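Take a look at this one; I'll ask things after.
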Amino acid sequence: MSEVPANLKYSSDHEWVRLEDDGSVVVGITDHAQAALGELVYVEVPEPGQVFNKGDACIVVESVKAASDVYAPVSGDCQATNSALSDEPELVNQSPYEDGWLVRLQPLAQAELDELMDADAYSRFLAESDS
Amino acid sequence: MSEPIIFELSQAGRRAPTHAVPEVPAHHIPEALLRDAPPVLPEVSELQVVRHFTRLSQRNFSIDTEFYPLGSCTMKYNPKICNRLAMLPEFLERHPLGDVERGQGFLECMFELQEMLKAVTGMTAISLTPMAGAQGEFAGVAMIRAYHEARGDHERRQIIVPDAAHGTNPATATMCGCTAVEIPTAPDGDVDLDALRRIVGPQTAGIMLTNPSTLGVFERQIIEIAEIVHAAGGLLYYDGANLNAILGRVFPADMGFDVIHINLHKTFSTPHGGGGPGSGVVGVNDRLAPFLPVPIVGRAGADRFVWLTEKERPQTIGRLSAFMGNAGILLRAYVYIRLLGRDGMRRVSEYATLNANYLMKQLAGAGFDITFSERRASHEFIVSLKGIARETGITAMDFAKALLDRGFHAPTTYFPTLVPECLLIEPTETETRQDLDAFAAALIDIRDQARTDPDEVKAAPRTTPVRRLDDVRAARQLDLVWQGDPDSS
Amino acid sequence: MPYIPHTDDDVAAMLAAIGVDSTAELFDEIPDGLRIDALPGIPEALTEAGITRLMRARAGRDGGVVSFLGAGAYEHHIPAAVWEIANRGEFYSAYTPYQAEASQGTLQLIYEFQTMMVGLTGLDVSNASLYDGASALAEACLMAVRGNRKSKSRRVLVSRGVNPVYRAVTHAIVRNQGIELVELPLDAAGSTDIDALTTFDGEDFAAVCLAQPTFLGTIEEADAITDWAHAHDMLVISICNPTSLALLRPPGEWGETGADIACGEGQPLGIPVSSGGPYFGYIVCRKALMRQMPGRIVGRTLDLDGRTGFTLTLQAREQHIRRSKATSNICTNQGLMVTAATIYMSLLGAEGLRRTALQCHANTSLLAGELAQLEGVSVAFDTYFHEAVIRFDRPVPAIVDALGEHDILAGYDLSEHYPELGNALLVCATDARTREEIDAYVAATRTALDRLQAA
């Protein structure tokens, strides 16, 4: 049973979004996603300043056997990336919601934030997709 | 027992003196342009070199030593005579830019190889230059693009690939400035025709297919697929990886393909060499012939052969190598075809298919889950271990490692990705029935062990030079160059 | 039936097990209209003895020339041990090392090869080979365009000193991705014109490519060009002859910070000229560009028992994982040639390779110097590695033909690709050439010139 913190929002691509006090959002991948990917060996983050539309591939997470795109859950411009990941990509596996955060975005469209799922909806989504 | 890195055998000042020529000064090179310190290369004796690399070779599985049923790789026997004749000193010593009049023997072999490959595929023109299947694919897609551009049809940038396609296919599309778009495969193994009809249009450059497909079965609707794609203005590319299954039985040209690449290191038995060199010769029909990569061998009289270059073929997509491709590999393929002859080539597909269907039946009879059990196997077939994985926790990878301990190289695993926990098994025609039976027995034995002692299967391999390796560590703590570490194991 | 071991009993038993009466039934899924019954275009089979006779006869038409031709493929003495070992079945008939435990021989060898290439070039990470030098340059350009963080340019500067066929191949491969190659001219000394660099000030390029030595055998002022390129946010791609790397300053030491990508042709390292292939391309890069590098890379790691082992790593860059977003579509590379090269480099060592380089230089100097004594003949450039441009006062083809009658392959006629050099021939006398052969070349040239003068 994967962890789904109550205070976060979620996308159907298994990203979480945390709204910060200053209006920016921090983005990462969920516990379900990190377990599915396996041990990460590399995380490719974008350059600060790059602008993404919702759904654009903005990050690549690499395990030994696969490289997966992480998609921008909302449109935004990239303000910061988690520099600790270049030496310790395993932070994403060990602490997907805290130390393993990926990027911070300044969202461009408030409405998109409302389209994200809350913790209950995401938990139900996970239960339904499990075959 | 590990084998030291060759640098660990070095002793400062040790030489293999038969290879050192006398020291002479460099009159025409200013001092400032010379190296200060010598490069770090081994300092060992000839015997040390011979021992080290001989011992390294003994740490490999190979066709010469083990059954190697890798699906889509066609690991058939590499005849020694092909190697010997390709390495005749006159061929080895000939400079590619030498006088054509002093290369007529080589050129005649190349010309005949072109003709024979046409005869085997039904195509009207061949270029021998691409140096591997992937380069052949590049040539093929580049030619398709050139064809459309030449007709002023600039919007065609989409290449259709089945979702079960080999990774080189979409990678090639990108390299050619196209985008790859996937179509699904139906449960019976054929491509989804409705999906294809929906996807084709004025943006379609072409489709890349293998037949038999990567799922190991013949694409029965190939004529219809060709009609749909051609009607929409696209062309058909044939990935020749599985040609061994239909050699001498079907002409790819008849199936509607406009361009094909052949993996000589698969179908025509040139050596795999631990990762190459291969050869991905391309064949085309009249539509694409003007665009073939150069150089090509032409005939200029009854007994005279010449190179045809950009001058004679101005619409060519260009050159893909500095000279003319992997000449030595082409010679090996030539010898192989001459040894097999017209009947031998048909026997290849006959016995490759017999072996695959026999092995498939043996495994089906033993209760393994054959993915397309209702269909004929081509030269390969898929076994899904999903059920066993769920029952015992033993995966396809575990089976692969356990096979190594029983003296077999594993089949292809986890490809095609459509079938979970799969083994793609291609025995080839050069294996005996007894070897196939032994292989089936090994798989049965592993499955039994998976049920009674799964930990032991998970611990495999035990008898290889190393046990399972830490891939995560390899990727996280990158050690790609020997640095002379003090704490080597 | 060559290579097919089945007896009639085998076939009968197998057909019975499958449940069919004949092998023909196994092809019943193939639509009728597609089936063919025979291959009339293929000749009848030959025996091993028969094909041996045929190939010996063909080879017999091709031998017997003494070669002074380089131009990208070089004849060096190859110690016997190289191919005795490389031809072992365990190397020759092994597959790509995807199952690491079954391929430790190949994998360790590649790791040692990677280490040697890093040593020769002075850069950080090598791959396990590409197809050849020309396609390696194409891949290097693609890498530079992808990997240059300071420039979005899709244009690459390529010196006219780079092998013209390499430039053509690179163009054929990169143009489909909208990448343009722009030529850097040469100066009167036959190397890249440093003064001309200023004409490109203010323009945006992803990289600069230069060959060392150049196709003409001359030696570049690599430091100045490297620093200029870096000052203008361009990456530097070197194309170096590997034998020369034992002697000349390597690309890792060019300018302030060294080149960024080193690529080239590995054939001189233990591979015969073999009518044009198979050879291998090498590519080595700075650590920062490592993830953009195409092809296989081997890493050292530990197994379950803590033993050292080797495995393919960074595979997420490659086609079998990344598919359409892979760094390249390359799958099979040139594994057996790398095996030979690694054994060759081990046998020669740095000292042996350096002396081979010096011997080539000395032999070419000797040949060039003696030819320059002939009337109407001069050496075009003063500084060269192991090839020299010889200028004649009359067209080159007639001279080449005349030497051909003496079974001498005179060199490479430069008039097609470098018309600005006039009647120019690129000659190369490697360690494989003897004093007698060099003398014979000079004598034959003297005779030919006299005859042509008289005519």
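Per-chain residue numbering starts at 1, and chain names A, B and C are given in the order in which the chains are listed.
Note that in this section contacts are C-beta pairs under 8 Å (C-beta built on N, C-alpha and C of every residue); 3 or more make two chains touch, one makes a residue touch a chain.
Fair warning: this is a prediction, and the values are worked out from it, not measured in the lab.
Q: Tell me the chain pair with the top count of C-beta pairs in contact.
A: B-C
Q: Suppose chain centres are the mean of their C-alpha atoms. Which chain sits farthest from chain B?
A: A
Q: Give, as an integer number of Å, the spacing between the C-alpha centres of chain C and chain B.
A: The mean C-alpha positions of chain B and chain C differ by 20 Å.
Q: Using Cα averages as centroids, what's the distance between chain A and chain C in whole Å?
A: Taking the average C-alpha coordinate of chain A and of chain C, the gap between them is 44 Å.
Q: How far is the middle of chain A from the middle of chain B, if each middle is the mean of its Cα atoms, in Å?
A: Chain centroid spacing, chain A to chain B, equals 38 Å.
Q: Would you pick out the residues of chain B that each touch at least 2 other chains?
A: Chain B, residues with two or more chain partners: 471, 474-475.
Q: Considering chain C alone, which of its residues make contact with at least two other chains?
A: Counting only residues that touch two or more other chains, chain C contributes 321-322, 325.
Q: Which residue numbers or ranges of chain A touch two or more of the other chains?
A: 41-42, 62, 64-65
Q: If we count contacts the way the header does, which residues on chain A are in touch with chain C in the complex?
A: My answer: residues 41-42, 44, 47, 62-67.
Q: Over in the complex, which chain A residues touch chain B? Could you list them?
A: Per the touch definition, chain A meets chain B at residues 39, 41-42, 62, 64-65, 89-90.
Q: Considering only the defined contacts, which chain C positions touch chain A in the complex?
A: 149, 291, 315-317, 321-322, 325
Q: Provide the residue numbers of chain B that touch chain A in the complex, in ascending order.
A: 471-472, 474-476
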